[in-house]
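Sending over a structure as structure tokens; questions will come in a sec.
Chain lettering (A, B, C and D) follows the sequence in which the chains are written, and residue indices restart at 1 in each chain.
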Amino acid sequence: MCFSASYTDSSDDETSPRDKTQINSKGSSDFCVKNIKQNEFGRREIEIAEQDMSALISLRKRAQSEKPLAGAKIVGCTHITAQTAVLIETLVALGAQCRWTACNIYSTQNEVAAALSETGVAVFAWKGESEDDFWWCIDRCVNTEGWQPNMILDDGGDLTHWVYKKYPNVFKKIRGIVEESVTGVHRLYQLSKAGKLCVPAMNVNDSVTKQKFDNLYCCRESILDGLKRTTDVMFGGKQVVICGYGEVGKGCCAALKALGAIVYVTEIDPICALQACMDGFRVVKLNEVIRQVDIIITCTGNKNVVTRDQLDRMKNGSIVCNMGHSNTEIDVASLRTPELTWERVRSQVDHVIWPDGKRVILLAEGRLLNLSCSTVPTFVLSITATTQALALIELYNAPEGRYKQDVYLLPKKMDEYVASLHLTTFDAHLTELTDDQAKYLGLNKNGPFKPNYYRY
Amino acid sequence: MCFSASYTDSSDDETSPRDKTQINSKGSSDFCVKNIKQNEFGRREIEIAEQDMSALISLRKRAQSEKPLAGAKIVGCTHITAQTAVLIETLVALGAQCRWTACNIYSTQNEVAAALSETGVAVFAWKGESEDDFWWCIDRCVNTEGWQPNMILDDGGDLTHWVYKKYPNVFKKIRGIVEESVTGVHRLYQLSKAGKLCVPAMNVNDSVTKQKFDNLYCCRESILDGLKRTTDVMFGGKQVVICGYGEVGKGCCAALKALGAIVYVTEIDPICALQACMDGFRVVKLNEVIRQVDIIITCTGNKNVVTRDQLDRMKNGSIVCNMGHSNTEIDVASLRTPELTWERVRSQVDHVIWPDGKRVILLAEGRLLNLSCSTVPTFVLSITATTQALALIELYNAPEGRYKQDVYLLPKKMDEYVASLHLTTFDAHLTELTDDQAKYLGLNKNGPFKPNYYRY
Amino acid sequence: MCFSASYTDSSDDETSPRDKTQINSKGSSDFCVKNIKQNEFGRREIEIAEQDMSALISLRKRAQSEKPLAGAKIVGCTHITAQTAVLIETLVALGAQCRWTACNIYSTQNEVAAALSETGVAVFAWKGESEDDFWWCIDRCVNTEGWQPNMILDDGGDLTHWVYKKYPNVFKKIRGIVEESVTGVHRLYQLSKAGKLCVPAMNVNDSVTKQKFDNLYCCRESILDGLKRTTDVMFGGKQVVICGYGEVGKGCCAALKALGAIVYVTEIDPICALQACMDGFRVVKLNEVIRQVDIIITCTGNKNVVTRDQLDRMKNGSIVCNMGHSNTEIDVASLRTPELTWERVRSQVDHVIWPDGKRVILLAEGRLLNLSCSTVPTFVLSITATTQALALIELYNAPEGRYKQDVYLLPKKMDEYVASLHLTTFDAHLTELTDDQAKYLGLNKNGPFKPNYYRY
Amino acid sequence: MCFSASYTDSSDDETSPRDKTQINSKGSSDFCVKNIKQNEFGRREIEIAEQDMSALISLRKRAQSEKPLAGAKIVGCTHITAQTAVLIETLVALGAQCRWTACNIYSTQNEVAAALSETGVAVFAWKGESEDDFWWCIDRCVNTEGWQPNMILDDGGDLTHWVYKKYPNVFKKIRGIVEESVTGVHRLYQLSKAGKLCVPAMNVNDSVTKQKFDNLYCCRESILDGLKRTTDVMFGGKQVVICGYGEVGKGCCAALKALGAIVYVTEIDPICALQACMDGFRVVKLNEVIRQVDIIITCTGNKNVVTRDQLDRMKNGSIVCNMGHSNTEIDVASLRTPELTWERVRSQVDHVIWPDGKRVILLAEGRLLNLSCSTVPTFVLSITATTQALALIELYNAPEGRYKQDVYLLPKKMDEYVASLHLTTFDAHLTELTDDQAKYLGLNKNGPFKPNYYRY
């Protein structure tokens, strides 16, 4: 999951939360956060987030009387932000007990962790954990007297791995794992291949709705936002090359074209390349345009897509950034040589200066621009959180035998349900099939509406 | 397959081709066409088509020395047009012997049939066949002394069914069937389910490249073309409702929005509906906008999407047409009642007039607008034809056991190859993976580049 | 004014209308048309046109009781089409007497001329007039016993010139001339400069509303329509160069870009060139891209914009056409040399074939594509006709002294009125200024709302 | 002129610059800035600005040998930013002597003022001047021994007014005034009307190139930037109403539509309203959509466009902001009532909370969003600065009699020249007319290329 900028001020207090007395207003001490007193500020952040997560709130309301998660004991390991808090509080409202920890040592919003702890969720997380803190927090989540988790919600697979390794007896009794990251999913598939996955797991990363929002729709906006906030560049008339025409590349291309940039595309896959042609982009090799472009954006998931040799040939003042999967796409390491000077001109913005005075503007040191220099809209996080909640409900309530010890995609009907919950935000009105039409099409009136291979 | 407008003048000669002496300049009589003398005109049509089918010509050239179809005896049943002729002559150039007939009694371009027959392809087809002629032609294709087909290329499944029923011994020895229509594919799956498909078959209808071109890219242009040719309507400022936001709907929406129309969408599937929202279209029920829209376009594949009740409430001068799968989407039958007057104002354009004088403009009597009132660009037909040729090559050359007695999708690598052959038209240059990158991504440098579930 | 395709069948009768007995059902003989019996068919055409000219009908209704043209005796010389008929019948409804003739020897819709004559308008026009017929018709309009025109509505200036030269005494008593063509306006300005224009004239060609519709909005659609009807070309991925980035060029560029073409622009004016840059088009010299483009479109108003030398370097199969002011932009004459073969493949489509077999597809022999191969939507003609009607009313009713013996632009307030009458078509609702706001802005609540130099 | 965010840290030193010893490294004391020691940091800012102002640098280089401003003594009163510094140093390079002061008490970048003073330009300006400081600085600029200005460059008219009032004898000898603001231009026209303008003045605010960039092109980008930085709102699927369809409104509409918003327009002017229709926007009264929209953006130049009554009816979570001319468009004062709570959630972002908990998000308290919450790209400032420089050159060098004591627009040829200087940034290549073509068009080969009334 991505995370929005935190307002957390971490400068105040150097004492480790592990060394502090932790106690909330109800007298509970079963949590560990930076400063429980920040809980009111955190509560306000959560309330603001709720406004853009009406789908999740609506799910909360619809299912509240049924308590579909009654009896569920969930350990979670995700970014801890206002949006995650809305998810956790939804799970609680549906009947679950939750213990939570952070999947990233930097991303915790301390005030949100405080607000959750104040209401009784056992949160173990703060911004700026050490490696040791990180595992200590995970362990405290899982290993508590008189409470044994039966569901896992994970983002990255660390929690899953910890339980698998340290508490094999607990692991065996887990009813289901929900995992949302590419990495975590990859680890689950490996476990499954090795015959060691003794629990059903659900890969929510690849559900249709989530994918479209995380990639196409989100990046269509964040490429503009990330570039503007860092460089104030004017898009009109700029020549831009976008490496990769997958969902992320398609989003970036569409947005920049719409604002008057002239966009070139590089691709390795002829089908995507042909799509780029039909969408009005010239498909080139990077070397053909490297001397003329003003901006390079990588979105391939590949490595060394922009090499030192190519950076050497770029124009003075050109901008290089990455919207792809990792920080490997631009060969940033190759720029750390004595003849080049680095000048940090703003947060996340470096000028790399060649001996002849040429400057190339490198954003976020080649890390993900959309996460480093933009924010992920709450609405996108709502899609993910709703998907996670439904996956938990599905796995927890599935009749014996529906899911084996394997990795599953979210059932299409649930994918459709996530989408439908988010339609109200747009005041969108679905058409319902008549009985006669449903019969004609051979469909159930309530979906699923498409075969699994449908491409959307 | 769709077909472009024929220049054929069918008015001249009333004698049935079956009653004529058929003989070409080399003395062969193994064909049956309207008028062999039209062959030069047909040849010119074929040459013009070749110019927009450079991918197929390029495939022809690349494979000509290898003759991958040497020994193949192909019976084909498709529309017989200049574009099909380019396909047939490519198959011949690759080593195949071909006998051909028409899959539709109206669509044959007589001069093209003549041109093919003149060069030695055994064509049995003319424009305006009777039902009896149709099956007679198919039979003449299959049932000839000293020649037994080992491959079938079909469009609709009629040829396949005929061989299956009438010549079961021939059918058993067929090495492969290539089928491109929705209907034909459906029939094959049924045969397969029933355990009666004793031959490997390839469903080329659902290959990625073909689907995108037949639906999204083609309809994005033909909706404009079809509306203009029939009604000269100005798009700017018009309110349009598009029923269905699948590939066809997406294409129609994008084109009309780009030209200044205000577009509403109806959908039954929440995922597609959410896509429509994110693309900037209001998702409504048809009844919400029926009184205000200027144009209704159906692209659902469903039936009775526009009912008489709704047609009654439309504005004077509004236009109704269909871009979907069949002629069932608009309930045209309900308009054939005594109180309504029909006035044919142009070819394919009817004014249906209500007692109060209100006129609704119905196009192509609710049949497919893009086929009835527009033309399919040769480039799109080139994609289909190339896909068919590659499917034939694959099935004919596949090692024993690769394909069982079942229905297959075109291998992704071949789908990518079709795309790559068409990139040269756009002077598009693919990037190649380095060894290092291919290893990093876990891919073969030559593809396939995506998992099967990739959505494009 | 442009004109739409005529349904007129001119093949039937070879007798000159001048030699026929002309008499309508009321016994009047004061007209001269091809065949008065076609009047019912013409009436239906007029009724269909009325449906898309609701602004004019609305003007007719609003002003009908006031009869602002009572006493006006108008001679008109325009294309005679169903749309013009709606204009003429509006003028009559507002109190005018009209006599009419054609400004072009080919463009008359005979059945419309018949319908007008049947209702008593004195029309002298038919399709296929000789040069002599043309002037005879004009003279018959003007020179009739007991009737002397006091207003002129002209398109091209021929009628004005005829009256000026032949009937100077009539000319002096004209209250106003309304002229809509570039050529006619040019002639008026020359007359004015020479001090010979003894009558106020109104240049309606340059009114804002008319200009935007004739050029930007109309061409944005007709470029697509014209290209499709003639060549069935697929736009997606095509490389196109558009010469000239004025209103017409802007329309062509926007439409083709929206449909996936890659568009280059040539310009002589740096301001327009900078606009092209900001709109996302590369600004090039024609020679830079001549070898790579698939389509050339000229919209400069200049001559020899595409030379033989450049045509020699174009790709096989490329398309050349003109959307500009005249037929001079492409040097078509240079292609009429012995080494090149011309092949007419469809109406308005020639293949010009080079000795090496290269074909360049020339549309409409370099004449205006939008007029030759597309149709002008009735809505656009409605804008023009309404502008003409208002100009006539203004000149006829203006108090002594408001207009001198000079050429005037339509008052901005009337320009705004034309626009407002057309808003109802789109169900558009204007906001009204409060008294307070009007005072704050220093504007009259009813307009005009902009200074004269405003650029829209 | 607009100004970009300043990096100036004004917190350090409370001593008034007027009380400090001011001396630069060359021993000069003829300036007054915050801290001369910041000059190196300022120099770097200027150098970065130069990179996006290549047009001005190019003008500097072209004219440097001719020194067209030799002898010019220019007093200037503008925002003092890195971009202005590039302008001032260009004027110096062309031969002028310059004394400069700030037109706004907050906008001075202190380090830039220091850098200019270090190189010998007499700058009197700092961030956070008092009203008294402001006029003292202006006076120090004008009133210095042994130096009398002969040119004025003004932004707002304060300097002009000061000279006119206090130094009438100096005023009379001024050769020309260049003014760029709406307000300043208004004051000049008033002076001219009153017969008191004894000096030629040039209105550069209304030059075509500047207008298009300040409004259409700049706002197309800054609306997105301003909304994202303040609210992180997702644009896709949002319903937005834009009040006013002038250049600013057109830019906002185009950008938001392109990113998937559903956009409504309100207009008072039927011509602009019709343009909105043709561009695909529904034209409504604000009250029709006030309950359903997510975002309101005003760009009318009018007052009370959004009233308290309307704000009362908006949805929870909706956003209100202004891109228009002043801070009057939204009736912000009406929101300062006891029953509403204001909550400042970020810089420039207030939540206004109704008694029922409804929040409306008000940006920049109704002031200009693009200036308050976004930055103006240097490229846009380059257009303005180049226009100013050319206006100064033109007025200073114009032969006696070309300009009277009146207010003039920049000659179109110079407007074109500004555009042409900026084309190189885009690697755009102009086409040149042949002699023959120029003659055909009746144009000079070097422009101007359009009549004055041309609308672009």
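FYI, a contact is a pair of C-beta atoms (placed from the backbone, for glycine too) under 8 Å apart; a residue touches a chain by one contact, two chains touch by 3 or more.
In this text, all values refer to a predicted model and were calculated from it rather than measured experimentally.
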Problem set entry | Chain pair, B-C or A-B, that carries the greater number of C-beta contacts | A-B
For this session: Just grab the chain with the largest centre-to-centre distance to chain B, centres being mean Cα coordinates.
Result: D
Exercise. Using mean CA coordinates as chain centres, what's the chain B-chain D distance in Å?
Worked result: 57
Seminar exercise, completed: Cα centroid separation, chain A vs chain B, in Å, comes to 41
Seminar exercise, completed: Shared-interface residues of chain D (touching two or more other chains) are 217, 236-237, 259-260, 277-278, 282, 426-427
For this session: Under the touch definition given earlier, write down the residues of chain D that touch chain A in their complex.
Result: 4, 48, 51-52, 217-218, 220-221, 224-225, 228-229, 232-237, 239, 254-255, 258-260, 292, 316-317, 345, 359, 374-375, 377-380, 425-427
Exercise. Quick one: in the complex, what on chain D touches chain C?
Worked result: 206, 208-209, 211-212, 217, 247, 266-278, 282-286, 288, 301-304, 328, 415-417, 419-420, 422-423, 426-434, 436-437, 440-441, 447, 449-450, 452-453, 455-456
Problem set entry | chain B residues within the chain D interface of the complex | 236-237, 257, 259-262, 277-282
